[in-house]
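There are two complexes below, and they share chain A, which is joined by chain B in the first and by chain C in the second.
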Partner chain A sequence: MSVDTSNIAKEGGGVFGWLDRRYGLTPLVEFMKHKEVPVGVHSMFWYYLGGATLFFFMMQVCTGSLLLLFYQAGESTSYESIRFITTKVPFGWLVRSMHCWSAHLMIISLVTHMFSTMMLKAYRPPREMTWVTGFILLSLALGFGFSGYLLPWNELAFFATAVGTDSMKAVPGIGDFLLQVLRGGTDVSINTLHRFFGLHVVILPLVMVGLVTAHLLVIQRQGMAPPQGHKTAPKGMRFFPDFALRDLQLWLMCLIVLASLAVFLPYGPHIPGIEWELGKKANPLAPAYPGIKPEWYFLWIYQLLKEFPAHFLGMEGSQAAVLLVGLLMGAWAMMPWLDRRAQRDEASPGFTDIGAATLIFLGFLLFKAWDIGGGGIGDKLPDPVLTARICAFWWLGIASVATALRATVLHQRYFLFTAATALQIALHGLLGMQYLAAGGIALVALVIGLLVLRSRGQAVPEVRS
Partner chain B sequence: MIGLLLAALFAQTAAAAPAPAAALPKPLAALADGKHKDGTPILTQKQRDTLAALPERTIKLLSDAADSMILGSPEELAALLSLDVQPQVLDLIATDNCVLCHADPMNQKPKALFSPDPKAAGSNPLLNLRELVSDVHFRAGLSCAGCHGGKPSDDVMPKEIATRWPAEEVRHTDRSWIPEFCARCHSDTQFMRGFNPTLPTDQLAKYKTSKHGELLLEKHDNNAAQCVSCHSVHGIRSAKSRNSTVHPQKVPETCGKCHADPEHMKGYLTSAGAPLPTDQVEKYKKSVHGQALLVKGDLGAPSCTGCHGSHAAQPPEVASVSQVCRRCHAQNGMLFDSSRHKKAFEEHKWPECGQCHGHHDIQKPTVSLIGNTTDTLCGKCHAENSKDNPKCNETAKHFRTTLDEMIAGREEVSGEVEHLAEMGLDIEPVTRSLSDLDEAVTQSKAKVHSFSMSTFDAAAKPGTEALQKSRQEIGEAHNEFQFRRRGLVGAIVFMMLLVAGIGLKLRELERSRKDSDKP
Partner chain C sequence: MPTNDTEPVRTRRSLLDLLLGVGFIGFAASALYPVLRYLKPMASAGPGGPLKLTADEVGKLAKEHSIITRLGTGRVLVFEDAQQNLRALDARCTHEGCTVQYVPGDSVIWCACHNGRYDLDGRVLAGPPPRPLALYGCTRDPDGSVTIQPPKKGES
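Presenting the complex of A and B:
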């Protein structure tokens, strides 16, 4: 499409007029003026999460660029330059702290955004690619977290990266090759640091910016997803200025939260996987100490790896675990195509329940990875049986409350997947059964439940308020 | 699929099939295949695996021994394989007829049987086969013949065996022959050079000067320790080995075998004529030295031999006890020597260090020892022995006040540092100052031994300065935190105003739209 340049010599209209004559901005402005956001059925809150994620991403770009002015990747400079940034550079402590906090808040808002999209079935046609680009963006964000963690070159980061990259070995066939590529050698070394630095500041940002642009373009092109059952929104709010100004309000609120956390908890909330105190410089020759854990968003994978025995179904236990993670992530990415009822714009209560069950499944693994209730204090190691029991109490309680709310407030009637997840947690945590054995039984129960539902005709329809 | 999953989860792993036995030479195979009366094999699967994994040379040596019937029974082969030792050690056993013959439970009476478990075999506890094969002499190739006489290749016991020491009825009632017997080799510099050139050869000479030597060699007191009392008999190891009875960490236990036994020590008196106490080891274990050696594993900390000597063990008398302490605490010794206390202690015939710090139960000294009040060590002693000396009281008070101030200041600043570190403030300067303060406290405590105010002050001054500096740095860090908080509040107020402004703008937009919608 080319711009009509016949009236380029005309004068007037100020800067906009000057630009409009050259680049044809009027259609864009017209488009923005008529763009609307659906309102009235669901809480508007869910529509803001994408914008909040974008805000945190922009914060990452800004604070990351500032850090880049002082950070020097190298065996004798990485740790020292971060120390310099936090102690000597004016407001360097604030920039680093905001960068770290913003990274975690971005993942939180991204995951929440994705779950809200899933629960509202916003991925249904024609918005499948919005979901897929979103999924890739989530993977990239996790890649950012993983690569950025090593850059301070401190003890915790070094060993966590060694443990994290080691799980690459479990990828069948090409595991060792992948490990070598990622580490730049057999062990985590300065080569790994340089690779992660390149990934963190060049490769991932380039891909991320491209994909964010694509994600935003498809949203702008297709508009925001109307609530299920409506081809168009029953009522709309103007995107510009109404929604955009509200977005700006939210961004300012996010900035207030971010700044407050950065000032009062500059090294994170001291929860394993959400802390970034510099500590000691990495020493590749020092022995790894116990209790090293990756960042919180990888903890469910870490815990799943621990739940697998040394050998499982003829595979290495870790290989089986990685395969399971791959299958789960693959299924998550393919959700728009798996959810056939949503494709037909019909209620798909089963997938709503899968969303709820996934949250319980991930939450239980996260709590277990944190050894909640295990009584591990000081040198005393947590008791795994006690941890499983206490975590089971927590998550069975949360699942019960959530299910009660879904049944009474949202009038939902489909809880099969939630029930199967709760069954696994109860068998494992309360009866002391092995995690995988409990999972096997829950899976059998789920399949029987699904077969019974199928024999009755179809799934119980979701009742909407 | 699910069935498979469950089957895999609950399936028991099948028991591993026994490894096929490697082809063994006939004589050895005959022993390896030996069975009990009920038909079960004598060698366990693990022992068979050990045998199969042995190198060719060891297999040949064992087979030769089996062929000549010195390795005489499957039970003996099982005992040897159960030792779980390197093949080289099995080579030594297989070429030593003394061990082979005395380790065969089927051909040896329990009284003379070397067994991996003497208690179960009803044998003498000293005839422990495991200990024997770990013995430093055995591993150096000296074998049984080295002490007992004969040759390892002898098929029958020659008459010269057991003629190197007194007859049985004498050698157990008077052990004074043992030091000389061991010294045949250990005092021979030429001989010892062939095994361990760094090992001293003056043990016997020293032993003769020791209290133990005096009791055994002159008074023929059989209760007095000699070589085997400390080093054991058939399981002698290098003192560097953690399993050795004379490894630094084992020394208190070894000495305590006699010295902590009231029955054994009955009748022995100190130089002052009092009964020799038996609580030294108990006290030592609780002392700063005992804790360092036995709990922290600091091999530099002294055990019994660190102060008393080993082969020349003597109770350190008043004259020498302070010299013993000075071996490690040299600076404190020098300061004491140049102090006024030196002369006073000599006049009272007090052991210098021990007078204040104790002996076996020395505790980590704290500042509570120092001061001019009677509840302190200084104050109490001066109240009894040197009342009319106000300068001493003033000095002791000054020491205590200064040290108390530095230590309390350190506590206070440390607590602040932890809090400020959590707040993300730069605590490196304070940490440096605290490190200077710690060094000054250590130095000042040491300089107390000069009992001179000026010497003490020279060491304490950097500490008081470091404390002052760290307090100043803490103040600066607090100011920085206040600045951050105020900055945050300002930023929040500004942003909240923006949020409110946008809210007003939105309301205005809605109102203007409503107005324009009205007809």
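Presenting the complex of A and C:
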């Protein structure tokens, strides 16, 4: 489309007029004026989470660029330059702290955004690609976290990277090649740091910006998803200025929260997986120390790696665990195609329940990875049986309260997946069964339950509030 | 030219399309191959020959009962058991590649990452490791120095 420049010699209209005559901005302004956000039967809150994630990403770009001015990647400089930034450079501690906090807050808002999209079935046609691009953005965000973790070149970073990259070998056929490409050798070394540095500051940001643009463009083109059951939104709110101002207000609140956390807890809340004390410099010849854990959003994978025995179904345990994670993530990415009812714009209570069950599944693994209730203090290692029992009490309690709320407040009637997850937790935590054996029994019970539901005709319809 | 309905029509155009497709694939492969070779790290020296521990390392071994040292591209755990015999094992856990440690009190080799346990010959006792640790040769020479021999091929 070319712009009509016949009236370019005209004058007046100020800066806008000057630009408008050259670039034809009026249609764009008209589009903005008429852009609306659907106001549905559910809370508007969920519509702001994507914007909050974008805000934290922009904070990452700003603080990351500032860190780049002092950070020097290298065997004898990485750790030292981070120490210099946090101890000598004026406000260096604040910039690093904001970068770390913003990374965690970005993952939190991203995951919440994804779950809200899932629960509201906003991925249903025609918005499948919004879901898929969003899923890839989540993978990239995890890649950012993983690659950034190594850059301070401290002990924690070294072993987290050794374990994280080692799982690459589970990829059939090209696992060893991928492992070597990622590490720049057979072992984690300073070559790995150089590769991760390149990934973290150039390759991932470029891909991320491209994909964020694509994600926003498809949303602009299609508008936000109206509530389920409505082809168009019952009513709309103008994007400019009504929604944009609310968005801006949220960004301001995010900034206040971020700055407060960064100032008052500059090294994180001291929860394993959410702390960034520099600690000791990485020494490839030092043994791993007890209590070493990856970042909290990888803890469920870390715990699964622990739950698998040395060999499972003819595979090495870690291969089987990585395969399971791959299958679960793949199924999650394919959600818009798996959810047939949502495709027909019908209520799909089964998938709402899958969302709830997924949260319980992940939460239980997270608590176990934190050894909650295991009694590990000082040199004493936590007791795995006791940990499983206490974590089971926690998550069976949380699941009961959540299910009661869903039944009474949201009038939902489908809890099969939640029940299967709770069964696994109860068998494992309360009866002391192996995690995988309990999972197998829960899976069989789930399949029987689904078959019974199918033989009865169809799933119990979800009554929407 | 009369053609059967079930047979695809072969024209000069389809031949050109085929050649163009092959050309594109060839072009992509010729661009991708150098990139992949560039990314793959160059071959390293391998496990290397026998290694004599330095005086510092021997001193540390006597004091702390264990040390971890490099042999070629590998890491080796050298330790002194309760009977004061010297032993050497691959220090890389076979589960996820963390560095293991010698726990003299329990007479086990332990990996802190996922709680894998091995006996002093490197055999798996408990936890997720799928394979034993490779056993290295380790001898104390009459002059007090310590020599590590890499495992023979097939042993590791």
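Just so it is clear, the second predicted complex is superposed on the first by the 464 of 465 C-alpha atoms of A that agree within 3 Å, B and C clash if a C-alpha of one lies under 4 Å from a C-alpha of the other, contacts with A are read in each partner's own complex, and residues count from 1 in each chain.
The rule is simple: contacts are C-beta pairs under 8 Å (C-beta built on N, C-alpha and C of every residue); 3 or more make two chains touch, one makes a residue touch a chain.
None of these values were measured; they are calculated from a predicted model.
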For A:318, decide between first (touching chain B), second (touching chain C), both and neither. second
If we overlay the two complexes on their shared chain A, which of chain B and chain C does A:375 touch? Say first, second, both or neither. neither
Contact-wise, after the overlay, does A:184 reach chain B, chain C, both or neither (first, second, both, neither)? second
Determine, under the contact definition given at the top, whether A:13 touches first (chain B), second (chain C), both, or neither. neither
Scan A:269 for contacts with chain B and chain C and give back first, second, both or neither. neither
Touched partner set for A:86, first chain B, second chain C, both or neither: first
After lining up the shared chain so the two structures overlap, which partner does A:162 touch, if you call chain B first and chain C second: first, second, both or neither? second
Taking the superposition on A as described, I'd like to know which of chain B and chain C A:252 touches: first, second, both or neither. first
For chain A, which residues belong to both interfaces, chain B and chain C? none
In the complex with chain B, residue positions of chain A that touch it: 86-88, 93-94, 97, 241-242, 245-246, 248-249, 252-253, 255-256, 259-260, 263-264, 266-267, 312-313, 434, 436-437, 440-441, 443-444, 447
Chain A-touching residues of chain B, taken from the complex the two chains share: 2, 4-6, 8-10, 422-426, 428, 484-485, 487-488, 491-492, 495-496, 498-499, 502-503, 505-506, 509
Which residues, counting only chain A, touch chain C once they are in their complex? 159, 162-163, 165-167, 177, 180-181, 183-188, 191, 284-292, 302, 305-306, 308-311, 316-318, 381
List the residues on chain C that touch chain A in their complex, please. 39-41, 44, 68-70, 73, 75, 77, 91-92, 95-101, 111-115, 124, 127-130
